[in-house]
Amino acid sequence: MHCPDQKGIVAKVTAFIHNNRGNILALDQHVDKQDQHFFMRIKWALDGFAIPREKIADYFQTLIAIPYQMEFQLHFTDQVPRMAIFVSQFSHCLYDILSRWESGEWDVQIPLIISNHQDMSSIAERFNIPYHYLPVLPGNKAEQEQKQMELLEDAGIDFIVLARYMQILTEQFTARYPNRIINIHHSFLPAFAGAKPYHAAFQRGVKIIGATCHYVTSELDEGPIIEQDVVRVSHKDSLDTLIRKGKDLEKIVLSRGIFQHLKYKTLVYKNKTIVFS
Amino acid sequence: MHCPDQKGIVAKVTAFIHNNRGNILALDQHVDKQDQHFFMRIKWALDGFAIPREKIADYFQTLIAIPYQMEFQLHFTDQVPRMAIFVSQFSHCLYDILSRWESGEWDVQIPLIISNHQDMSSIAERFNIPYHYLPVLPGNKAEQEQKQMELLEDAGIDFIVLARYMQILTEQFTARYPNRIINIHHSFLPAFAGAKPYHAAFQRGVKIIGATCHYVTSELDEGPIIEQDVVRVSHKDSLDTLIRKGKDLEKIVLSRGIFQHLKYKTLVYKNKTIVFS
Amino acid sequence: MHCPDQKGIVAKVTAFIHNNRGNILALDQHVDKQDQHFFMRIKWALDGFAIPREKIADYFQTLIAIPYQMEFQLHFTDQVPRMAIFVSQFSHCLYDILSRWESGEWDVQIPLIISNHQDMSSIAERFNIPYHYLPVLPGNKAEQEQKQMELLEDAGIDFIVLARYMQILTEQFTARYPNRIINIHHSFLPAFAGAKPYHAAFQRGVKIIGATCHYVTSELDEGPIIEQDVVRVSHKDSLDTLIRKGKDLEKIVLSRGIFQHLKYKTLVYKNKTIVFS
Amino acid sequence: MHCPDQKGIVAKVTAFIHNNRGNILALDQHVDKQDQHFFMRIKWALDGFAIPREKIADYFQTLIAIPYQMEFQLHFTDQVPRMAIFVSQFSHCLYDILSRWESGEWDVQIPLIISNHQDMSSIAERFNIPYHYLPVLPGNKAEQEQKQMELLEDAGIDFIVLARYMQILTEQFTARYPNRIINIHHSFLPAFAGAKPYHAAFQRGVKIIGATCHYVTSELDEGPIIEQDVVRVSHKDSLDTLIRKGKDLEKIVLSRGIFQHLKYKTLVYKNKTIVFS
């Protein structure tokens, strides 16, 4: 939830939960002092909660959200999110995601994988996940995105992960999934936005390289950042070893970002991401 | 504040502040699920607060702490903490602390520096801080600690920083300042506790060295950890370069730990430190 | 190569290569000043080299190693090393290794996987790698190790990776593969050696956790360290989240260590590992 | 030294030293495979060296540098480099530098400090270093730089450190000290070059901030990078706490860069810095 900062919000919200016999399991709040804006994530147990599950949103809306001009989302942990993976020709992020899913580390469903190449289809097959090959050629992007959106719609997808998907999505596409498309960019943004960041990093002679997980917006590589990490490099690193070291960052940083999203710990406000603890 | 975890604590505490017209500026809470124990730090503005400043502790005690079996501390930000520095022969932590204090980065008073050596006296002089030289020799430790305690008492010291003070304090001394003596140990505890950690790290061939800021207890190097950090080393590092690299860690990690303490962001429970955000 | 430090070694070795028309591609040397011991790794191109490939070791031995009391190893990059994987019930390291191998990131052969559990057999199957299930029960360890050694022998294995293999190897076994068994320990050694390091780290309240890749010796968790890395944790981390965060470290640190070994960049001396650049 | 890569360079150079009875203490070489260019740093002991100290450069030039089209520098460790510090209004880098110098951690002379403000003069005084106040106003920059250059000339300065000096140097000035002016930029370059990098980082919502130590060229913030480091931040960080955390990075990263320069471990080639080990 978030709203203009006012006195008494925490008291009001926690009283709403407590008075209805909910037990708060986690609470993290943040005040943006520059913008005078308030943010909070609360998780509570529903056992014995006085308001029926399907009416909680209504009650919360009426009693709290409207008076406080608050926007909020309500999620239930027994509803497992449905995630689509877009991939091109690299397997490292894909394997990282699928192995977490398979081992039960993540509570997520993966109804489909979409790719503009056929290379990863055998991996999808091994994990028994439907693989849709939709090559993107000059002139057919709009058409292919249309097919993608139908597939996503049919599969009831909640959010999309671009696991090194090497196509720029159109504005129509990104607008349809606001803060629901997660990308990994292979640089420490805003350094080296755009194409070939490792080449640019090598050229510039940086001593550290990075990777950035962010939500996709219509501005390329400008979306709200969820997670970043870095690794030390040196003059001894060739372009090839930069790329090899960077891949390890990419998969770990992407997976961390997905995990925060899966746990509903992210909240986007003015192109920045609050990541609750 | 901390207490056994129960339903409704956050609601109760925030209502206490809100109903008395306090404005919450920061709130961070934590539940130790294993111990079913609740922890919270709240900072609120006193302008217009209904309860007079000097009675807040009483009211809080009666209305909240007693019913919830809660322990709490109350601090006012206009009361600047008074810190003593103990130092031996190394200047790096001392300079780091004094330069932060001088530049106004920290809101703290430093009424005195105590040392078992004379080496650092000229630095103290330049910053106009009284320097007490109390050499510790075989047989006179109890006597010197007595003098130290008198000095600390007279100066109204709130807490003590051991800025690479190379003497082990007696149990009488440490017992007098529970969670109020901050030490920097030059290793990544619990690795290499005790004397000569860099020698031990060099001998073991570790690829990363660390430093640990912790509260001092009667058990050497076993107190609750406030902050740690590390730096990468390699086979090319000699003992000397380990020590040189370690010094940078020591000063930064110690200063971070002091800062959290100064901001009342630390809470010790069962030999672990909660560091509120 | 390594030997007691003496004047002129680099000149002697590089002259040997140059005079025989070899072209040095990489050279990294190190002198342990405390021990007065010299270490070097040289990689050179064999095109046009005057000494036939199969006689290089002999010549080097006679002309350089004997006079300088030097020990050395000679490897050819067109001989792909053969690696065995030992695994128990966790898949994260296994997937990390297999996906690197499959994508061609590593130049290695994996003729077999050995496990004391059946859980990972389906993963081995998907990658078409023979999986040998050898359960270790009270009383049968010697017998099972005997079978393991036969399998390793038959497969012409060069080195072994313990990818979270949860059995302690006997001294007979480890003695047979000196500096050729690579383990990942899920702590920042020497902190938390032995069983259940995450439990111990949680109990101690550390602010950083680590993982250590090392060669296995007869002393448990005491072998020469190849690589370590760490990740920041806090009081908010439960034992479960420590374990989850630690897994990411384990797989990356193990894979980095394997990669250095694969490239013949490691040299063990007095229980420490030199990792050439 | 550096030159186009050719067969036999290492053999040639090490033979030159060995045949003249020098003992190599450290050797690090690097080949830029893309550019086919060779780089090496060698340190050797002069005791018993056959060539007189003052003739080494001549001999090396004639016998090696000319035939191999090599550029080289020769330094003697008993000649202590002379460093000038430029500072404006922040003391953190200045104290970090002066305390290292005072404690003997660095082998350097500091004949003068130059500033466009008077704020730091009392610190200079305490360390007994002459402080030159040269305010830079609209219209007098060329004139003040002239005075600076005279001061530097008179003091026999080898290199200049900009310890958060908030003036852009003119091209005349920077051209006079190629690869001899070391700056600290308070961002992870190339991200957030130019003014107010912390404001820009805060605005962009990055999850990590950095600092960059580089040689100054005529292109602002585009010079060869010597060292970088980063620290994790979050949405909870305000602009003020970004600045506070960044200061710790700035001083450590600047001091590391200076140290490498002091040890003659840096070599600039095509706007990138090789930092020898």
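Should a chain be cited, it is by its letter among A, B, C and D, assigned in written order, with residues numbered from 1 in that chain.
Please note the rule applied: a contact is a pair of C-beta atoms (placed from the backbone, for glycine too) under 8 Å apart; a residue touches a chain by one contact, two chains touch by 3 or more.
Just so it is clear, the structure is predicted and the values come from calculations on it, not from any experiment.
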So the chain most remote from subunit D by C-alpha centre is A
Given over half shared residue numbers means same and under half means different, the subunit A/subunit D interface is same
Per the C-alpha means, the centres of subunit C and subunit D lie apart by a whole-Å value of 37
Dist(centroid_CA(subunit B), centroid_CA(subunit C)) in Å evaluates to 41
Note: subunit C residues in touch with at least two other chains are 234, 236, 277
Listed in rising order, the residues of subunit C that touch subunit A in the complex are 90-92, 95-96, 99-100, 102-103, 105, 126, 234, 236, 244, 247-248, 252, 255, 277
Residue set of subunit A touching subunit D in the complex reads 30, 33-34, 188-192, 204-208, 210, 224-230, 234-236, 238-239, 271-275
Listed in rising order, the residues of subunit B that touch subunit A in the complex are 7-8, 10-12, 14-15, 17-19, 21, 23-29, 31, 232, 277
